[in-house]
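Chain nomenclature is as follows: A, B and C, assigned in order of appearance, with residue numbering initiated at 1 for each chain independently.
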Amino acid sequence: MTALLEIADIRKVFGGLTALDGVSFTLASGQILGLVGPNGSGKSTLLNVLSGIYTPEAGEVRLAGQSLRGRAPHQIAKAGLARSFQNQQLFTGLSVVDNVLVGRACRLQAGVLASIFGGLAFRREEAAARQQAVDLLTLVGLGWAAEAEVQRLSYGQRRLLEIARALASDPKVLLLDEPCAGLSQAEADDLAVVITRLKTQGLAVIVIEHNMRFVMGLVDRIVALNFGQKIGEGTPAEIRANPAVVAAYLGGSSRAAH
Amino acid sequence: MLQTLLQVALTGATMGCIYALVALGFTLTIAAAGVVNFAYSEWVTYGAYIGVTLVAVLGLPLWLGLLLTVGLCAVMGYAFQVVVFAPLEGKHFLTTVSATIGVALAMQAAATLIWGPYALTLPTFFGTGSLTIGGVALFPHSLLIVGITAVLIAGMQRALTRTDIGLRLQAAAQDPVAARLMGIPIRRMRTLAYCLSAALAGLAGFMVAPLFVVTTTMGFGLMLKGFAATIVGGWGSLKGAVLGGLAVGLIEAFGAAYLSSEYKDSIAFAMIVVVLLLRPSGLFPERIAEKF
Amino acid sequence: MRMGAGLLLVALALPLVIGNNYQLGIAHQALILILLASGYNLLLGFTGLVSFGHIALFAIGAYTSAILVVTFGLPFLVGLVAAAVLTGVVGVLIAVPALRIKGHYLTLLTLALGEVIRLAIRGMESLTHGSAGFSGIPRPSLLGFAFRTGTELYYLLLACVVLGVLFIARLERSRFGRAFKAIRDGETAAEVCGVDTAAMKVLAFGLSAVFAGVAGGLYAHTMRFISPEFFSLSLTITLLAMVLIGGRGTVLGPVVGAVLLTVLPEWLRFVKDYYLIVFGLAIWACTMFLPQGLIGLATRVFARKGRPA
């Protein structure tokens, strides 16, 4: 299995605080990796580095052999890396299906003039994108809400919308930041099924999640962080037995896993 | 010529102090409540008009007129907090800006109705005489402006850093959530900030009125200079507002005297453009809590 | 869509109903301002970029066309196209610093730039005649046909407006419209979704500037006299109000807003200062209670009516 995503020695510093200190791991196509650690351990920061929102002080990120270092977020999206956010960032002025269509932005080609005059190429591209968007919404269980306003969705449904939006660009790697927050256990189970299905199609996933039942049942491997450093890597069973990880959760941090 | 230089410098310093007062009041609401108050221009205008009414129409002595003007403006600030700003809390920048613009427009038109379309005047404390020292004409009113500004700023610094209420105000500005958890009444602190801000506006209006005529648009022009001062000095920084105001006043005076008086108005705008393009955070970017 | 068609029908029939030239003149102004407000809405309402210097672009368009046609004797169409292109270029130039300057800084930067441009126009007296104003601008003429009467001019302006509004309507339904709104609602998320936010912002500035340039050129040839005093900050406020009261982020909002705020001051001219008070309060009330403007209100009312009890 060749590595699809290689993360090497990522170092991110904010003023006096070292948020990430030499984090390295790889991810292969069709693998699901869980990223765990107490609050403040650097998980979201790592996702921000991967998606290009932060530039690391040191280290390398390679997707399918291409370096992503220093690239703008929209270029990284085009290269095949998509993500959802922990604090929801949906486009509240757009309909549900339009939100998903924005996720398709990097694959759409029509120019301004083509869009205005509405030629055949434009209409075909829009129709195909729209169909894909509706399909993705159906996949996550929101097919009924396509034309609705985002405000009408519940918190959990909005999370699912974010994921549908992230999938719209046909990514190779999907980053999920606490996708289960606000979902009922049933919804979380449904989401796990969806992700497993996508895994068989070759999608690689990094998921940050505190819902241990979701994580343990879904992921192939886990990377554990604490204070910006990798303190453990392995299968769920190995991580559960790893004393450093146990200490990080039960010893210092106040947040207990569900 | 040294005399001209000093004369220009004095003019610049005087206007600089007025701009500093305007910018200071304007920045108070930014620092304390995160609100950009586009109706500030009308607070200044109304300060001038109220002053004129008290002194020229009702015949009150100037010092009493000044105190009452400042007091009434503080009341106006309170009214604004209740009617305009409280409902706007937490809203988007464009909403606050548009709302305050609307209020400003209504106030400006109301001023025309109340005080008429013609310019009014306010006399200085010292009549029209001036001292001449070494060939430089010194208007006592200018010196008064500079003096009052200096005293005020020193007083504010002491009040903010040494008194209980000053520290609470700073806390409310820096971190409202933490302040609230510590029992500091945020709403009340913000109200205080608005009252102070309006009082400063009234003072500025009253002090600048004798230098020019009082019209319904005078506050707007001053607020624009206030924008320039806050940008140059550092947005949200009280020290920056003061130093920025002085900088704008001096550069404007020298520019008008030595470059071109026709383009005087554009100097402040040009300063905004230059600073934003080169160093957007301004010359002294600090928040209300630090150092000042 | 139905609302738009309805408005168009009314607009087509209007000159038949209006008798005198003075009222037609008001209609001319309204049409030109619809074009200006629509372009501004693209920047402010769709993309969320709060620019307070847009009137300067309007001025550049007006003066470019006036100078090319009157001073250099070029045909109207050349003047208009040049106005559009030059203003568009200026818009793109303004976009560049706007990429790294955000929020209230952008608003003040555009405010200051707008004033600097206006004062520069006033200063270039040999070219623009400065404060005295530029007079003697001829009516538009295409291929030898001069739009001399009020009615002919009205239909020319209406044609331009229809094209402009259609342009924006089509753009709204494309990836560009979605990208603009995404930038407004969540710039970081838009970037992460693959939207090239920098390119889109430049496009938004450029397109809105082109609209302003065309509107400016049309204004110069309609009013036949322009001066720097007209392109003032108070016009900026009026433009802002048109978009906000009409309904920002909608296609028809600027149309409604521009018509309302051109016609109302005329009807209420005899109570001018009271009008201004009401105007100011209306802006305030609109931002507090009707964030989607009148179009938003109408949409909600019609939506509710459509649903069975």
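By definition in this document, contacts are C-beta pairs under 8 Å (C-beta built on N, C-alpha and C of every residue); 3 or more make two chains touch, one makes a residue touch a chain.
Remember, predicted model here, so these are calculated numbers, not experimental data.
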item: Of all other chains, the one whose Cα centre sits farthest from chain B; value: A
item: Chain ID, smallest distance between chain and overall C-alpha centroids; value: C
item: Chain centre separation (chain A, chain B; CA means) in Å; value: 49
item: Inter-chain centre distance, chain A versus chain C - centres from mean C-alpha coordinates, in Å; value: 41
item: Averaged-CA centre spacing for the pair chain C and chain B, given as whole angstrom; value: 33
item: Of all residues in chain B, the ones touching two or more other chains; value: none
item: Chain C residues within the chain A interface of the complex; value: 167, 170-171, 173-176, 178-179, 181-182, 184-186, 188-198, 203, 249
item: Contacting residues of chain A [partner chain C, same complex]; value: 51-53, 72-74, 77-78, 82-83, 85, 89-94, 98, 101-108, 110, 112, 115-118, 122, 126, 165-166, 168-169
item: Of all residues in chain C, those that touch chain B in their complex; value: 44, 48, 50, 97, 100-101, 103-105, 107-109, 111-113, 115-116, 119-120, 123, 233, 237, 240-241, 244, 273-288, 291
item: Complex contact set, residues of chain B against chain C; value: 36, 84, 87-88, 93-95, 97-99, 101-110, 112-113, 220, 227-228, 231, 235, 262-263, 265-266, 269-270, 272-273, 276-277, 280
